[in-house]
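So the structure is just underneath, and the comments pick up after that.
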Amino acid sequence: MSGAFDLILCLMILGTAGIALFVRDALAAIAFFIAFGNLMGLAWLSLGAVNVALAEIAIGAGVTGILLILARARLLALGDPVHSGDTPTWLWLGAFAACTSFSVLLAATVLSITPESGLDRVVAPLMPGLGIENRVTGVLLAFRAYDTLLESFVLLGALVAVWSLAPARAWPGRPAEPRMADGQMHQVAGASGRVLLPVALVMAAYLVWAGSDLPGGAFQAGTVLAGGLMLAAMGGAIGLPRSDRPLLRAALVLGPLVFLAIGLGGIAAGGFLIYPKGLAKALIVTIEYTLFLSIGVTLALLVAGPPVADSPVPDAGGNG
Amino acid sequence: MNLLGLLVAVPLGFMVAALLLRGSGRWLILAAAPVMAGLALWLALLPPGTTLLVGNWDLPLGILLRADGVARLMVLAGALVIGAIGLHALVDPPGGNDGGAATAETFWPLLYLMWAGANAGFLTTDLFNLYVTLEMVSLAAVALAAMGSLAAALRYFMIAMLGSLAYLLGVALLVANYNTVDVTLLAQVARLDLATVMALGLMTAGLLIKAALFPMHGWLPPAHAAAPAPASALLSAIAVKLGFVILLRLWFEAFPAITGSAALHVLGGLGAAAVIYGSIQAMRQDRLKPLVAYSTVAQVGYLFLAFPLVAGAVEPSSAWAGMTLHGVAHMLAKAAMFLAAGLMLKAAAGDRIADLGGLAQAMPLTVTAFGLAAVSLMGLPPSGGFTAKFLLLSAAIEQGAFLYAGVLVVGGLLAAVYLFRALSACFAPLAGAGPDTASRGPVTGGVKAVAPLALAGLAIVMGFAGTALVDVSAIEVPWATPTVIQPEVAP
Amino acid sequence: MMTFAPLLLVFLPLVAAAVSFALPERLSSWRNAANLGVAFTKLLVVAYLLNATEAGLVFEWRYEFLPDNDLVLRLDKLALLFVTLSVFLWLMTTIYAIAYFDRGPNLSRFFGFFNLCVLAATGVAMSGTAITFFLFYELLTLATWPLVAHKGDDKSLRAGRIYLSYTLAGSVAFLAGILWLQSLVGAIEFAAPPDLTGIPALTLTLIFILCIGGLGVKAAIFPLHGWLPEAMAAPAPVSALLHAVAVVKAGAFGIVRMIYDVYGIGTVADLGLGLPLAALASVTILYGSVRALMQTDLKKRLAYSTVSQVSYIILGASLIGPYAVIGGLVHLVHQGIMKITLFMCAGALANRMGIKAIADLDGAGRLMPVTMAAFSVGALGMIGLPPVAGFISKWYLGIGALQSDAAWVVAVLAGSSLLNAAYFLPLLYRAWLLPPPADRPAIRELATTRDRMLILPAAVTALVSLGAGIFASLPFSPLAWVTLIAEGGYLR
Amino acid sequence: MELLAPEPVSAGHIYAVTGAILTALGFYAFIVRRHALRQLLAVNVVGAGVFLILGGLGRGPDAIDPMPQALVITGIVVAVALTAFGAAMIVRLAEAPRSPDQGKAGKPDA
């Protein structure tokens, strides 16, 4: 990787970020944000972090982008033009000065640290015991599985938090239908959703499978599944489920619950989250598959938002 | 067998169960409260030096859970407080009005999420793991705050996000600089360089937002005041404490050699300012819940006022105990006060303090709970608040830190001013309803007052268990490890 | 019994308090029975303890409530003096309060807090360490507030607010003083006074000022007395409690403890702190009397009289001579008995005849002879006429002053007695010698038992204050007991 | 930059410095862009900057350490979870601004 490429990429990242942050029009801002996310993915690739690149493009750019687009569309429909008001001069001057000095200070700090590969030395010898190749998966689901366990509950908790916003008569209803402004687009999305959903499922499953040894993993795969589900829902191929459907609830908690159960089962093997010898890979793969399913459904519902009072779509089947 | 993980896993299990049981999930608290109280009590009684390497992965990589004094006290108090709040929410459900059904159901998983997050945060020594737990707690906290006022919750959310990111940035710098984020390891390798100072500064700034220390407190009063009573109680008792505990880990354990006395006095000064400012604001409120919320701003101030006192003490244990016990006493008393205030406002004519007239007759038990909680918050004996203040004041006088001593003393008086204002309003005759206050029968059955009364009672009883609590708080205090007492090593 | 006796004394009022809080409003007879029963039981316990203590036993209970800070309840002779006083007056006030309120509102609450007050007063008396003392002293503040604000009208709430602002500020100063001293000498035990050598005189003086200032609020030393007249808004039994049983006494008692058991008379003398305090007490005595003279409201006049009288105790303590100490300490008892008589009478007059202003007293003696007789005994005692108990106090104070070469104190005593006479005698004159006005409303008819219960306590305390004067030389009289205390250690 | 580092600035450093600038840019935009949705976007940019610092500094001779990678993935997931909640709140607030008074439980008449 040549230094020039890195430099140009970084400049582009900064440029897109600048536009995303400061352009007047909200839609343009979001578009540039998605572009920014994809460039970030490239940066991660260039850094040699394929796992992160996948996550960044799928989640950082993809899901976050869709979230912002949907939110803007809903705000527009409610009569909020999404214009930020004028900033007082003193404020932006002050903020500018503060942030400039902050960035200089931070850059100096960053440069004062020598990048080194310290922990890889620790991780590498431990990998054979797990029976998988992907070291990032090893860290995520073994060495720091505790972080990941808690994180899966953060995701679940975020959905609960979104649901808690449901208005009085809407509970336990369906989320608002993610509308496509354009009729034709709607049909395209519907058709492609029908086709793409199975494809997405297969792709996602592959990503999980690959995640043991190659880059990939539950989160990236879950995002792909969520993307498929959302696209299908946008086109009306599937209806969004009521939030109290038992099957839905089961799908949501499956991954975290299995993870938790395996962690507690570890107590029998000596302590919380200990994988018994020889079973590590099997357990990790189990966790990954269940987690991927739950993450996919959770992310899709997170994008859909809280239930609304009168959802026009009849119950045409659910997901999960 | 080491069961430290259960303190996190069990509430998570209850969260899942609550989600699966949907509407009837609320009854789970009947099991959760005793189970968690039992676990927490077991934790408090463990022999010193109990730790757990999660998954048995060694340190620079793995995550260490440790039952030190702070963790024991906080987890135990948290279990009692959250358990009581949960039981209270059975009889006084949080979703009374708009958004009722969704609020009533989602309250429970959020409660368990916060419980797990708080316990995880109190127990872990890993700074990145602390980031995840911080987000667990913040997420639940914002959602709970949104049950009252969305606008306030959104404001809280935004500022909390910034705080989290500042904290995460600090963690990132530490990872790069030391290849570890474990507090116990950092304590051994910490050196004074730009990255460390920057990281510490960023993390501190982020955490001060979460702990709502003046002047980063702006989000707290509207969010805490508007939420339904059980949610307010959780926010004030639990949510702000985690940031404080992480700061303890950073300032006294990981980087004691780097946090110079000037920096400590900045924190102490902010704490003192918070005490005075929060109290004055509380005095100016004419509605009850904002008053109680501003009291939290003031009480958080004491926690940070204690920082320079701990660092400057010859024998830091007693100041340390004063600081931790203050946190615990505040948890109990403030939760009790918010629950009581919620009941009082439901019975009162309006939400102003002037509307509280007649309540001393109508709901004596609830007003008593409010009063007992007030006693602890004012630092009057016998109460946990007094024990804490006694220890802190002793430390301040011993060191000749008369400014801090003065703030401790004046803060207690100011608290008395605003809390007794609310209390004496309860003694006034029923506002605008003629002389027949007596005809107004008790409006709450005894059941509703049980939880606030129990919590306030615990805050009082704490005042008699001082020695035992001080002993617990001293388990694995940072300066017990020799690395910390060493003077700073030149980088 | 040896260790648990002090605990029992604290526990008994707690039982009464718990029962009172728990019983619903309408079960008034149960509540009354419980209160009287417990008060009476406690009196019996105290009688036993008096006997045992006189034989030289010391009861002590100890609990480590914070590291190096013990909660100590210790029954020495001085403690028992105050305990006996408060227990006896508690019984009287309970009887009186039952009759006074009859079936008024919020009595569960009233009796609950009332018992907590007595608990606190007992605790203050028995405290063996400074921190224990502070604990109960604060409890007293808190438990008294709902009583002062009991009526819930604007005036009572205002009185409660003023009471709290004075007393809480006082306690804070006191706490700061204790902690400062503790940071220098470690935990302060009254039984083993700390060694103060080597501490700068200025520091000691400042600590002394903080502590006495803090305690002086409750003892109503000028200029910290402002809350006491305001607190007259409270019902009569509460006034009795404030003025005689618990509150002002706790302050005065604390000052005695500070001078004799913390600093020690030697140190106080060396620092030259006795004289200023005596002077302040003298100013308070005269000031209170003058203000009392200016009042037209009966209870207010009595209140200012308390301001004046309590400072006799402080005067006695600060003069640092054997007779002065005895005079001061014995006045702790005598003032309590006499002042409670006056307040109970004033309450009965207000309750039954609506008499509040002094001008309404005309002819009251004829209509309520027993009440007015008791009142007269109390008033004469306050002036210091023999054979009422007040005479003993003043006599010993006077001799003590001469012993301590402070002849000016005698002038203060004489002046104060003249002022006392000036504000009490006109009352007696009006009550006994002037005819009742024609338009006086009739006496409110009460049930016979209630009527008797309203008068009986005052009559008993009046008799006791006579007895304490007449039989002062007998064993177990207040004077004899105080002499025992003084011989036991305060005459070093 | 060459002056600060002993050897020519590594690729890791370039990205880390980019991350630092992104962070500051995001903070600045957060302050001056007052609309909540734009602030949410700004927060995400700050997050991306922080992750880039984490990654850039965690880069060894040929690739990033697995541990910082894992931390970044965790961070990204947490960020998206919170962003979703934030976006939902912003929309709900525009839909039905619940005032603090309405939030008072059990007082439908207030």
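Letters A, B, C and D mark the chains as written, and numbering starts fresh at 1 in each.
Quick note on the criterion: contacts are C-beta pairs under 8 Å (C-beta built on N, C-alpha and C of every residue); 3 or more make two chains touch, one makes a residue touch a chain.
Being a predicted model, the structure only gives us computed values, none of them experimental.
Relative to the centroid of all protein Cα atoms, the closest per-chain Cα centroid is that of B.
Chain C and chain D, compared by their mean Cα positions, are separated by 67 Å.
Chain centres here are Cα averages; for chain A and chain C they lie 73 Å apart. Centre-to-centre spacing of chain A and chain B amounts to 31 Å, using the average Cα coordinate of each chain. With centres taken as mean Cα positions, chain D sits 26 Å from chain B.
Residue positions of chain D touching 2 or more other chains, listed in rising order: 16, 23, 27, 40, 51, 53, 57-58, 67-68, 71, 74, 78, 81-82, 85, 89-90, 92. Taken residue by residue, chain A touches two or more other chains at 106, 108-110, 112-113, 115-116, 118-119, 123, 139, 143-144, 147, 151, 154, 157-158, 161, 165, 167, 306, whereas all remaining positions touch fewer. Every pair of chains that touch is listed here: A-B, A-D, B-C, B-D.
Partner chain C is touched in their complex by these residues of chain B: 318, 360-361, 364, 375, 380-382, 386-387, 390-391, 393-394, 397-398, 405, 409, 412-413, 416-417, 420, 424, 427-429, 437-438, 463-464, 466-467, 470-471. For chain D in complex with chain B, the residues that touch the partner chain are 16, 23, 27, 30, 36, 39-40, 43, 46-47, 50-51, 53-54, 57-58, 67-68, 71, 74-75, 78, 81-82, 85-86, 89-90, 92-93, 97-108, 110.
On the chain B side of its complex with chain D, the touching residues are 61, 94-99, 128, 131-132, 135, 139, 142-143, 146-154, 157-158, 161-162, 165, 168-169, 172-173, 175-176, 222, 225-229, 342, 345-346, 350-351. Interface of chain A with chain D (complex): residues 1, 3, 6-7, 10, 13-14, 17-18, 20-22, 26, 29-30, 33, 36-37, 40, 43-44, 46-49, 51-52, 55-56, 59-60, 63-64, 67-68, 70-72, 74-75, 78-80, 82-85, 87, 91-92, 95-96, 99-100, 102-103, 106-113, 115-120, 123, 135-136, 138-140, 143-144, 147-148, 151, 154-155, 157-159, 161-162, 165, 167, 217, 219, 299, 302-303, 305-306. On chain C, the positions that touch chain B within their shared complex are 63-67, 69, 105-106, 108-109, 131, 134-135, 138-139, 141-142, 145-146, 149, 152-154, 156-157, 160-161, 164-165, 168-169, 171-172, 175-176, 179-180, 182-183.
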